[in-house]
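Heads up, the next two complexes both have chain A, just with different partners, chain B and then chain C.
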Partner chain A sequence: MAFYVVQFLTGLASAASLFLVASGLSIIFGVTRIVNFAHGAFYMIGAYIAFTLTERLSGACGFWGAIVIAAFAVALIGVIVEMVLLRRIYHAPELFQLLATFGLTLMVEDLVVLIWGPDDLVGRRAPGFKGAIDFFGQNIPSYDLFLIVLSPVVLGILWLLFQRTRWGVLVRAATQDRDMVAALGVNQKWLFTSVFAVGVFLAALGGALQIPRDAVHHAMDLRIIVEVFVVVVIGGLGSIVGAFVAAVLVSELNAFGILIFPKISIILVFLVMAVVLIVRPWGLFGKPEAAARKTPGLTVNPWRPLTSNERLAALAALVIAATLPLFAGNYVLTVGSEIAIFVIFAVSLHFLMSVGGLASFGHAAYFGLGAYGVAFLAKIAGLPMIVCLLLGPLLGCMGAAVFGFFAVQLSGVYFAMLTLAFAQIVWSIAFQWVSVTGGDNGILGVWPSSWAASPGHFYWLALGVAALVTVALRAMVFSPFGYALRATRDSPLRSEAVGINAKRIQWTAFVIAGTTAGIGGALFAYLKGSVFPDNLGISLSVDALVMVLLGGVETVSGAVIGAIVYKALNIWLVSQTDLSKLVLGGFIVLIVVVFPKGIVGTLEMLAQRRRKTSPPGSPLLAKPIESVE
Partner chain B sequence: MRARNTFVGAAFALLAGGMAHSAVAQEIKIGEINSYSLLPAFTEPYRKGWQLAVEQVNAAGGINGKKLVVVSKDDGGKPADAQTAANELVSSEGVAMLTGTFLSNIGLAVSDFANQKKVFFLAAEPLTDAITWSKGNKYTFRLRPSNYMQAAMLVEAASKLPAKRWATIAPNYEYGQSAVAVFKKLMSEKRPDIQWVDEQWPPQGKIDAGPVVQAVAAANPEAILNVTFGADLVKLVREGNTRGLFKGREVVSFLTGEPEYLDPLKDETPEGWIVTGYPWYSIKTPEHDAFLKAYQAKYNDYPRLGSIVGYQTIKAAAAILAKAGSTDPEKLIAAAEGLSMPSPFGEITFRKIDHQSTLGAYVGKTALKDGKGVMVDSSYKKGSDYLPSDAEVEKLRPKD
Partner chain C sequence: MKLTVQDLNSHYGPAHILFDIGFEVGEGEVVALLGRNGAGKSTTFRSIVGLVAQRSGRIMFEGKDVSARPTHEIVRDGLGYVPEERRIFTDLTVEENLEVGRQPKRPNAPHWTREKLFALFPNLGEMKNRPGGRMSGGEQQMLTIARTLMGNPSLVLLDEPSEGLSPKIVEQMVDAILTMKKEGVSIVVSEQNLHFARLISDRAYIIERGRICFGGTMAELDARPDIRDAHLSL
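And now, the complex of A and B:
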């Protein structure tokens, strides 16, 4: 019995650190609607700075003082980031801020290694909390007890802050309806900055408090960021109490889960999230999002098919790209194939995101399923390459059909997080089912048949498929199905009123996007000759998101440019510099500032402005839509 | 729209192509790949090690008069990116062979690439048994003692312990799984009386140490096998110390004696663990003294195990290239099979039968000295003594 009590308390202690970080993220999202990918980075910097300070300052005062100073210092960094970077892009399309914070995260990962060195750092134990307390023969670390007490205290302080101060009232009002708050004359700039600072403070405090338990190292951020997102979503976005309950729930399930299934930790949080979101689509304590007052991301011109001149230009470009094997070497051709494959992957997500308004955080699942489909068919069934390429993506299609059915019941960030949960579940199956998938050692030897083996031929194959896929998806955008899909995105109520079955349309779009991603994955398996669980992983899903956002989510085919720029730059930088993450992250931040609508989106806008100043060619084109719900 | 896209693509592609220089006739290039950005704690000393080796090889006249050049790439910890890098090294840089890699899955990905493209590959660090056995191929050689060998070394010491109730803690991925599987198998062969009472599989890099320690303690084992390393090990040790998990229990642990993983533990280093590792401070052989002196003179820092691995990888590559007198992969394979060479740990040989080197490891016990973790009572275990019989290896390895 004593054991179960101690295990319960241990779970509570784990929940404490999760809660601190999660509450900060939840507040920031609630008010600013920023999906703050850099939250883990702030957590990590908090730990690093606290490490340095606790090594320098002596005594109990020194230790606890160092923790608090570190959290304030990082909060200050957060304020600078918010004022210099994020303020510029609040009006960018939804999720675009994710791109900026993603760039920051990349930079921080390299910076901490530059500043603090590559070794894992182990900080001091907290003065006064070094030992353990005997509980009927079981030991409970006293620091755990401190954390167990601390988190309800923080919860209480936050509650008072939100319920009893004017600032708290404003924050709650902004969480509910920020346009209204702005209309009432509240200075939104400072409200957002202060909220961001508080959120970052909590993240850094969470990091700093890990020093007596953990090692400080450069991958701390990624270790926590996804789980924190999950906790926030399980609890309900913007709900502090929800974050607390979710952190406790997840930690306790883990603490007791490993007694029965020692391998459960790897997937537990995602299973919990999937179940919670299916049963309660807005998390445990969340409320349904109010209907959007403004149509998301439609301040641009209505989309139109390419004119015949543009079509010719596109064709010419394709022809030029197709001449690459005549003069380029094997390496360039293989990189070209890889870029073409990522164009397929990016346009498939772009179709879902920009046409369907459904941002998936787990799109790599269908890419990876396509790859595994090919690997199974080629290695187990021994089928020839053509057959594998045609049938392999069906696995992606099936996965999308099953998961898509559940996912399209939700919308917004909840939709995104449910897709993430499904992707992680698929990933963990690929990771754990060693006898079938080979686990993380993957499936090797999936090489192309002789007709496609030469890099030139494979490049033509990849380029051809990429062109076909892009054209097909474009055609779909301007088909009746595409219009119906856009209707469900722009106005769920009106589209319902005219008799569109929104869920079915969105589900179909999900399956189309998943299958297309599967095609990319199938080609990728043959390009690399092997398939690994990585192909389904979070980082690949994030890459796809970045490509779409970089290209411009409000465009018809911006993802094509986004994929080419991001992938080419990534491969080139990794090959040329040891600080590729720093440079790539810096580049992304720069692009975010210079092209606030994505590369293609901003270029289109500039072209549009120029057209406006000259006599309008087509009155329809020059008139932006003002959509009011 | 597409017009612009493809132009940009072509421009980038050209740019990337322009970066590749044609090989100069008087140099021999080796392509080196490792997870520099993902695992800097290991790869920084590793890089220093191989840079020292390159310097020494060239100071001694290069390879049959040609200058040795190592072109190094980062794989970011992703098998797919490792293959992109391998392809660049082979296709654009024209390297004579590939070396390096840390993670097992990346080692396997590059090994499969080498087999497909018929390129010589000397894997430095990946520990998986598959790379030389179940998924072995004729183009791939491996330097470090494999999982099996390290397990066999530890079992030798562990089987002498009186403990009968054992629990295991290992990261939940291939390395942890196979380390535990081999250890259990070899251990149960020597000691049929042993019971395995609990196993914990925290995700790599994400151990929730408190509950794991508590769960192991609840099973009340007499001895524990640990396979976690890096930040996970730190958390496990700290929680274990505070909760008294290691008190009165024997612990056998993979890799923990390596300075990369032992040094961060500082004054929390648990005493008396039986570990594999690298006690650079207590190795007194002429070969190692020479290496240690050269390393400390160049970097003003002590070597980690990564330094040895990086150093010996390039030394081995140079020896193979020198003996082959050619960069033809078939000749390199012929030269490497059965080739013996000196190393800081004494003479090693690349076995013909499975392309595994006989580099060994040090086994000893952890201890606390002046607030730092060290390995004591350590002895070198030759790799050749801890491999299965040739007949067994032949069964494990597919025919070329």
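And now, the complex of A and C:
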């Protein structure tokens, strides 16, 4: 019995940091409507700075002072980020905001390694809370008790701040109607900046308070942000009480989940999240949101099928690409195969997010599942390559069917957070369930049959599949299903009103996109000869998003161009620098701020401008679709 | 002149909504902006306070051109705005709604306190702690006006204050507007309801399809039944 009580208290103590970070995220989202992906990064910087300061400053005052100073310092960094970056993208679509803050996260990951090195740092114990308390033979660290008391205290302080101060009243008003607050003479800019500072302060405090419990390392940002997303999805984005309750719930589920499923404890959290989403899609304490801005890009120009000239041009490009094995060496062909595979991956995501308006932040899950599907079939069942390639993607299909069912219940940022959380869950299973997946060591020795073994043959296979997939998805865009999907994207209410079952259409699109990604993953497994948990990791999901964004979210063919350019650049970049995340992150931020339309979108815009001198078509057709709901 | 609007043009995306709107409001005057649904009354107001992004023209408030300034600065200079949709903060109580509107005292404008506003709108005083979302339409209309007055404006743009209200509440509204005028607040009130406008206004402009097509005193308007019938639905 005592053991369970201790386990319960450990869970409560873990909830403290989770609550601090999640409440910060919620507060920022409430006012600015930005889901700050970089919140985990601020948490991590808080921990690193606090580590350095606690090493320098001595004594109890030094320790606690260091914690507070670290939180304030990071809040100041947050203010700079808000003023320099976020102010430019408050009116951008959600997807861009998520990507820009994710780009920041990538940059921070490399920066902390540059500054503090790649090793785990073990911090000082908190003065006055070094010991443990004996509880019927079980030890409870006294620092845990401190954390258990701290979270309700912070909750109380936040409550007073929001209910009893003018600032709090203004923030609550702005959460509901920002423009009206401005129309009453309140300077929104500074309100936003101050809110961001408070949110970042909370995240950094959460990170700083973590150092006596856990080592500081450069991957702690992603771990916390995924848990925080789960917390805010369960608790309801924008609700501080919700963040508190859900943080406790998730931490307890983790604490007891380890006892029930030691290897895959995260399953339990997932099950609870699934139940909450079915019963209350907006979270336990959240409020149902009105249909938010849904279009993925700034404007969506109506698409048209390719003209016959453009078809010939595409065919010519394909033929030219197919001649590559006639003159290129093995390395180039392997790179070419990889690019072709990523074209498959990118067009599948493009189908989901540009055609369907569902920006998934966890699309790699289905890519990786396809890869694992092949690996299981080839290694465990010993099936031949052609069978594996046909059946392997079905694992991606099944994963997409299960997760997609829950994900399409939500939209916008909730959808993005949920898909990310799902992907991370799949990743954790692949990572933790060593007996089946090989864990970190992956599954090795997945080699193609002799007919596809040479790099040239494999390249033709990958290119052929990529071409088929691209043509098939494109044809789908202009099929009745594609029309229905685009209708649900542009106007959920009106499409429902003409009899389209929006959820089912979106679910179908999710499954199609997931299966297609699985096909890419299946080929990828054979290309690399192995499968690792990284094949379904967050960074791969983000790679796909950047490819689509780089090509142009609003175009139909952008994903292909984006995948080719991005993958080629990426392979080159990794060979050139150790700081690829820093460069990549900076690159993402730059695209979002400077070229939100991507390569193909920008070219199209230039072409359109040139065409304007000649007689225009119907002017209304080229205009942005404004959401009227 | 308290407020002078010249050559105001506004667009929503590709649609041109306002065409060379011009009108004036004198110190302490109540001016009605009359017109049918969709004539451009609300867009005119929203353009003046800077809530329409695409606008051009000159907006002189107390002798200063405010047309290029952000909304909150225009409002802080004493130009209050009461939106047609009321836009009460439904999660906030009556008192908190008023708090959002509170601005420092201004030398050239009447100073409003909570007590003074509760005297002007007695209903509000009886529900200080009620959330805005649980008030009737009439109560919300009073609250939105009171909230703007907390900013101590010297001029108020009142967008369709009588819309959707019961006759009894409309009477209270007339009294409140006349009190505001007596205190020295200049008012521009947009209306579809000519009878209501006549009870409170000194002068009127008629707006139709984004253009001003009449301007004059209420007596001058009454002398031109042709204009009244052509542009206003009675």
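Following the convention adopted for this analysis, the second predicted complex is superposed on the first by the 484 of 629 C-alpha atoms of A that agree within 3 Å, B and C clash if a C-alpha of one lies under 4 Å from a C-alpha of the other, contacts with A are read in each partner's own complex, and residues count from 1 in each chain.
Just so we're on the same page, a contact is a pair of C-beta atoms (placed from the backbone, for glycine too) under 8 Å apart; a residue touches a chain by one contact, two chains touch by 3 or more.
All values derive from a computational prediction rather than experimental measurement.
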Contacts for A:V434 in the overlay, against chain B (first) and chain C (second): which applies, first, second, both or neither?
first
Counting touched residues of chain A, say whether chain B or chain C comes out ahead.
B
Chain B versus chain C as contact partner of A:L85, first or second or both or neither:
neither
Report for A:G529: first if it touches chain B alone, second if chain C alone, otherwise both or neither.
first
Report for A:N254: first if it touches chain B alone, second if chain C alone, otherwise both or neither.
first
Quick check for you: in the superposed arrangement, does A:G329 touch first (chain B), second (chain C), both or neither?
first
Per the contact definition in the header, classify A:I339: touching chain B only (first), chain C only (second), both, or neither.
first
In the complex of these two chains, what residues of chain A are touching chain B?
3, 6-7, 10-11, 13-14, 109-110, 113, 118-122, 130-132, 138-141, 143-144, 212-215, 217-220, 223, 251, 254-255, 258-259, 262-263, 265-266, 306, 310, 313-318, 320-321, 324, 328-332, 334-336, 338-339, 343, 431-432, 434, 439-442, 444-445, 447, 455, 467, 470, 524, 528-530, 532, 534-535, 539, 556-557, 560-561, 564-565, 568-569, 571-572, 574-576, 578, 580-581, 600
Touching residues of chain A toward chain C in the complex: what are they?
166, 169-170, 172-173, 175-177, 179-188, 619-620, 623-624, 626
Contacts from chain B onto chain A in the complex sit at residues 1-10, 12-17, 19-20, 36-38, 40-41, 43-44, 73-74, 76, 78-81, 83-85, 87-88, 91-92, 104-105, 108-109, 112-113, 115-116, 128, 130, 135, 172-174, 177, 198-203, 205-206, 208-212, 214-215, 217-218, 230-231, 234-235, 238-239, 242-244, 260, 263-266, 268
Which residues of chain C touch chain A in their complex?
13-14, 49, 51, 70-72, 75-76, 81, 83, 87, 89-92, 96-97, 99-103, 147-148, 151
